[in-house]
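Across the two complexes that follow, subunit A remains constant while its partner is subunit B and subsequently subunit C.
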Partner chain A sequence: MHKQRYWGYVFTFPFIINVLVFLLFPIVFSAYISFTKYDLFNAPKWIGLTNWINILNKREFWLSMRNVSMFALIFVPLQTSFAFLVAFMLNQAALKAKSLFRLFYFLPVITPWLAAGVVWSWMFNYQYGVLNWFLGLVGIDPVNWLYSRSWVVVIASIALVNVWKGLGQSMVILLAGMQNVPHEVLESAQIDGASSRQLLTHIVFPIVTPMVYLVMILSTISAFQTFDVFLGLFGGITTGISEQSMVPNIMIYRDAFLLFKLGPASATAWLLFFVILAITLFQQYFEKRWVHYD
Partner chain B sequence: MLKKRQSFLVLSLVVLLVATFGMVASAQRQVTLKIGLPGSYDVTSKDIIDQFIAEHPHINVEIQEAPWGDFTSKIATQIAGNTMPDVWFQENAVILGYGERGVAQDLAAYIERDLDTDEYIDGLFSARTPDGKVWGVPHGINPVALAYNKTVFEEAGVPFPTDDWTYADLIEAAKQLTVVEGEEPVRFGFIGAYAITNGWFPWIKQAGGSALDETKTKSMFDDPRTIAGLKQLRQGIEEGYFTNVDFVRAHGGDLEVFASGKAAMHFMQYSLQVNMQNNYPDVDWDVVKMPKAVNGERYVPMVANSWLISSRASQASKDAAWEFLKFYLGNDAQNIVAASGSTLPVKLSAYEVIEASGTKPLNKAAYTDGIAEGGVTLDENATWNEWRLLVQQQVNESVVHGKITVEEAAAEIHKKVQEVLDEN
Partner chain C sequence: MTRTTPLYVKIILYVLLIAGSIVMMFPFVWMVSTSFKTVGAIAQMPPQIIPRPIDLSNYETVWNKVNFARFTLNSFLIVGADMVGALLSCALVAFGLAMFDFKGRKLLFGVMLATLMVPGQVTMIPTYFIWKTFRALDTYFPLIVPSFLAGPFGIFLIHQYIKALPKELYESATIDGCSPPGIFFRVYLPLCKPALAALAVFTFMGAWNNTLGPLIYLQTRSRYTLPLGLLFLKSENPNQALLMAGAVIITVPVVVVYLLAQKQFIQGIASTGLKG
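Coming up: the complex of A and B.
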């Protein structure tokens, strides 16, 4: 028994080292440098709470938190509900060419943001974009999707693109959950006269709530950590993403790797972590009220 | 027999000793030089590196090459881990930042010792600080000139631009060259670029303004002349004789719009002539010097990439690196730089190669004489990267998208840029 335990430690040693060096150390080190002035090239210099105070006094930080909160508020419900509906439709036994449809919905997931960003920025083009052309056909004035004076319009437009891109991934998770719904249950409900809507709301949804919850948690975290979609649509940090459209992760990247201000970047990253943690705990608090594991 | 054996033994020992000492001496002379090449041999001519290796057998050259973006991402980590090359190049403004952070070696003493500065254009000192430190020497210089599409001018019956043009002449010609059918513009007079080099910076300079003062410690965005320059650019876009961002994006970018004749004029960087030659060889175009400013002076914005020597390299590697830079700034290498067309060399003698070139634009003197007459850097200092981003944000909001007025943007820029300058 004692010998077995010894070998257990030996075999897990590489993984413990991996966790210590590549997970624990960076976390602790980033916490440390958030209290320092550090430019990557010279030794960190302790400056106490200065970085934290500066970030909390910075208008750009609060605008970025506002943007990312609105982004999550639009993106998470839309993504989850659309993914649920698409998964439900693709799970219908009568549907032909299921694989083709699944591929079709999953295609945006594997499209690089660089390409997707260019295509969507063309579609969003105020004067020549296809979206405004459609609006023009039905007599609606063009919308300045990405450069509107209203920040809500800008964030909502970007959130919609993110839904298009991420729908496939959430759909796959939910579809896997739906495929585990016992056929006998569905058949007996149908024999008892349940309509498709009743099947969806009273049978399928309660059974897949753990998956829906998972999708919501993952979508919320990814929304608060959004980066690529903003970069793709605005064309890069150096071309000047406006303060009104800023998000925390772009601030962190810019401060750390363009301006070599590792202290403020780390402080922002930790603040973002606390926000995500709080929201995840909030979601977890309500989990038992609507998620069914039995 | 014994004597013979003894003689053979002695001889062998002597040969062995000579060979050993020779190898030791040779090994002492050998030095390894790590050269970093962002953009690989697409940006730096392989001929230069090969010639340097051939002429310096005692220097073992190790090349660290990567696409530009990958190199610049990697180099910060390399510097942090002390594994950076001994010599590499990046944007001049980045080099200035490196200098302030102690990463770059001051080259002032090397230049004074080994170079005759009269043989070079002023751009040699692009990386010089107000206190006389020189953090790098140019890999190449990229100035701007006024490019014009001859076919468009001829069709519109508008005389070609000249070196005597002012910005008022440019605006007037842009209005004449603009064609609108119905409500749709089909041709613009000028490309209303909004980036720093060929966009807002030349416009503020021509109006008599600037981004920073001469000491590079004070923001000049509260100067009415700076604001006037930004307003002229905005006015051209708003009134429709300069392209707007939607038009340019929908029609394939600045060069495509210019080459296809959808815009008649463009502030074009020297390096873009290579793209024009490769992608639009049949377009009839040329360049003249940048128009004159309101004060009669000419300001030719130029960007430079600069070589730096790592301050943390060993003395032997620093010496080898300087040997490389001396070679790079010598006649042979500078002639190769000139022939590439991708950037301007800094050695005056190499300009003969450019003048003899028969490729478009034919009037390359607009670039070479232009920088001699009025070459200016983009008010670069150690915090350029930071304050330039802040300016660009507000320029996008006001000049490009018209979401706020230029005055509002300038006030915001002035406050924020000054904060950055004060903080550093």
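Coming up: the complex of A and C.
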């Protein structure tokens, strides 16, 4: 470490500006306008807690929280368990063509959301969609995936697309964790007569719990901040997203940039942040029960 | 586990993995297949995997008439500028944090980790206000300037790398009469190539796939990026073959970049747990 202070500030200057202009100012300003009536063109007018109270009394806000919670409840366990299963299988020494399989499972991660969205919404099409055609082959009635009258069907369909898109990323993190499991440990356990299932539950799983925890935290946060999957599947904010499929980030975007109600939009953004923070702290509280570090 | 794996376990393993791969890859197959279909063949039942006849006109329409040619150019322009900005600024800041002891260094480091947690939806509206004040709406500045100001993810990635390099490098370069900027450009920047390569891939993916930024800031159609162009196309309700041709055009460059830089990308995700 060198005591040339001057140079320290010179080199980190871009980031100092970044923090001041694009982090500190936005946090303060966003908190301020959540207490005002503001439309970007006229000066903000202080209205106290009105925005906050209005939002908490708004049916749409609670529906969006309901939807996003269901979205997370379906998405996080499914993505984590599938990713774990695939990573475990890819980690088997006997498996050939590992990198090809990894490519197949990872490709959706790098695909642009809009491309994924238009394909899936076409596959979900009620009349001509290929998914309903497959269902028809096994004698199941067509499902109106994205526009079903049941909100659970709508949210579950979107969550499934999200699992398809995100599975590869969790898989790579878990695979890296599994590769840290020492081979000697596995071999000696096998010599002692442990079955594959015992290896999985007593050795591999405990060692990768920190990675499983990381994957769950990351996917929970991303689930509550979901935006792109809704935009991609419905092809726009004003087209097709009803109360049944509304989520907080879509609401924030619409209120801020289409309706120019920046006060309510900012208050909603903060509420969403508090919800995410509370859930993350909650997950951290239970971490000690099942995550092993050593 | 090599010697003891029984045959039936192997079979189950392959069957499960191949079945999963088919599910994962099917949307891509369907996207490419539909993009080559004529209007008549799109809704045909049973669905054709290999279209007959193969129709190339969808690509021509999307590329020329919908002007994906222009959107592609715009996307590459923004992504290129973002890559230059992110590599340069993140390396500078990481070097500063790793090499010099100055007041506020620890604070800055803490802020960097905290930035990773501040949600985009909170800062999005004030950031829009900033660019409106600078009269930079409907330009590329809001999409490019922030990458020149060093993002926390990139700083973190390169900082970890610099930390692992031998400390004697800096001293010996100083003794040879090199100034700190000289040491940065001539000694450290070339040594950081693997970390820079990883950051380059992440920046490419992040900027190429970015939808929200262009959606908020760009209005004029000729300035659209590819994702925005595809969103616009979808809102026009064209036939599915045109949409799929657009989706293929957006997807091909990321897949090519990924195949070229697979190693850096996977290692980056595995070591930091994050993407872009």
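Heads up, the rule we're going with is that the second predicted complex is superposed on the first by the 276 of 294 C-alpha atoms of A that agree within 3 Å, B and C clash if a C-alpha of one lies under 4 Å from a C-alpha of the other, contacts with A are read in each partner's own complex, and residues count from 1 in each chain.
Basically, a contact is a pair of C-beta atoms (placed from the backbone, for glycine too) under 8 Å apart; a residue touches a chain by one contact, two chains touch by 3 or more.
Owing to the predicted nature of the structure, the values given are computational and were not obtained by experimental measurement.
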Simultaneous placement of subunit C and subunit B on subunit A, clash or fit: clash
Contacts of A:I17 with subunit B and subunit C, given as first, second, both or neither: second
First (subunit B), second (subunit C), both or neither touched by A:L258: first
Touching partner for A:Y128 - first (subunit B), second (subunit C), both, neither: both
Superposition-derived comparison: subunit B or subunit C, residues of subunit A touched: C
Touching partner for A:D39 - first (subunit B), second (subunit C), both, neither: first
Contacts of A:Q225 with subunit B and subunit C, given as first, second, both or neither: second
Which superposed partner A:T111 touches (first subunit B, second subunit C, both, neither): second
Contacts of A:Q283 with subunit B and subunit C, given as first, second, both or neither: neither
Partner chain(s) touched by A:T239 [first = subunit B, second = subunit C, both, neither]: both
Subunit B/subunit C common contact set on subunit A: 40, 122, 127-128, 239, 257
In the complex, subunit A residues that touch subunit B: 39-42, 121-122, 125-129, 144, 147, 149, 237-244, 254, 257-260
Contact footprint of subunit C on subunit A as seen in their complex: 1-5, 7-12, 14-19, 21-23, 25-27, 29-30, 33, 40, 85-86, 89-90, 92-95, 99, 101-116, 118-120, 122-123, 127-128, 130, 133, 164, 167-169, 172-173, 175-176, 186-187, 190, 196, 214-215, 218, 225, 227-228, 231-232, 235-236, 239, 248-249, 252-253, 256-257, 262, 265-266, 269-270, 272-273, 276
Residues of subunit B that touch subunit A when the two form their complex: 73, 76-77, 79-80, 97-98, 101-103, 195, 244, 246-247, 249-250, 385-386, 389, 392-393, 395-397, 401, 403
Complex interface listing, subunit C residues touching subunit A: 1-2, 4-5, 9-10, 13-14, 16-17, 20-21, 23-25, 27-28, 30-31, 34, 42-43, 45-47, 89, 92-93, 95-97, 99-103, 105, 108, 111-112, 115, 118-130, 132, 146, 148-151, 155, 170, 180, 184, 205, 208-209, 211-212, 215-216, 226-227, 230-231, 234-235, 240, 243-244, 246-248, 250-251, 254-255, 258, 262, 265-266, 269-271, 273-275
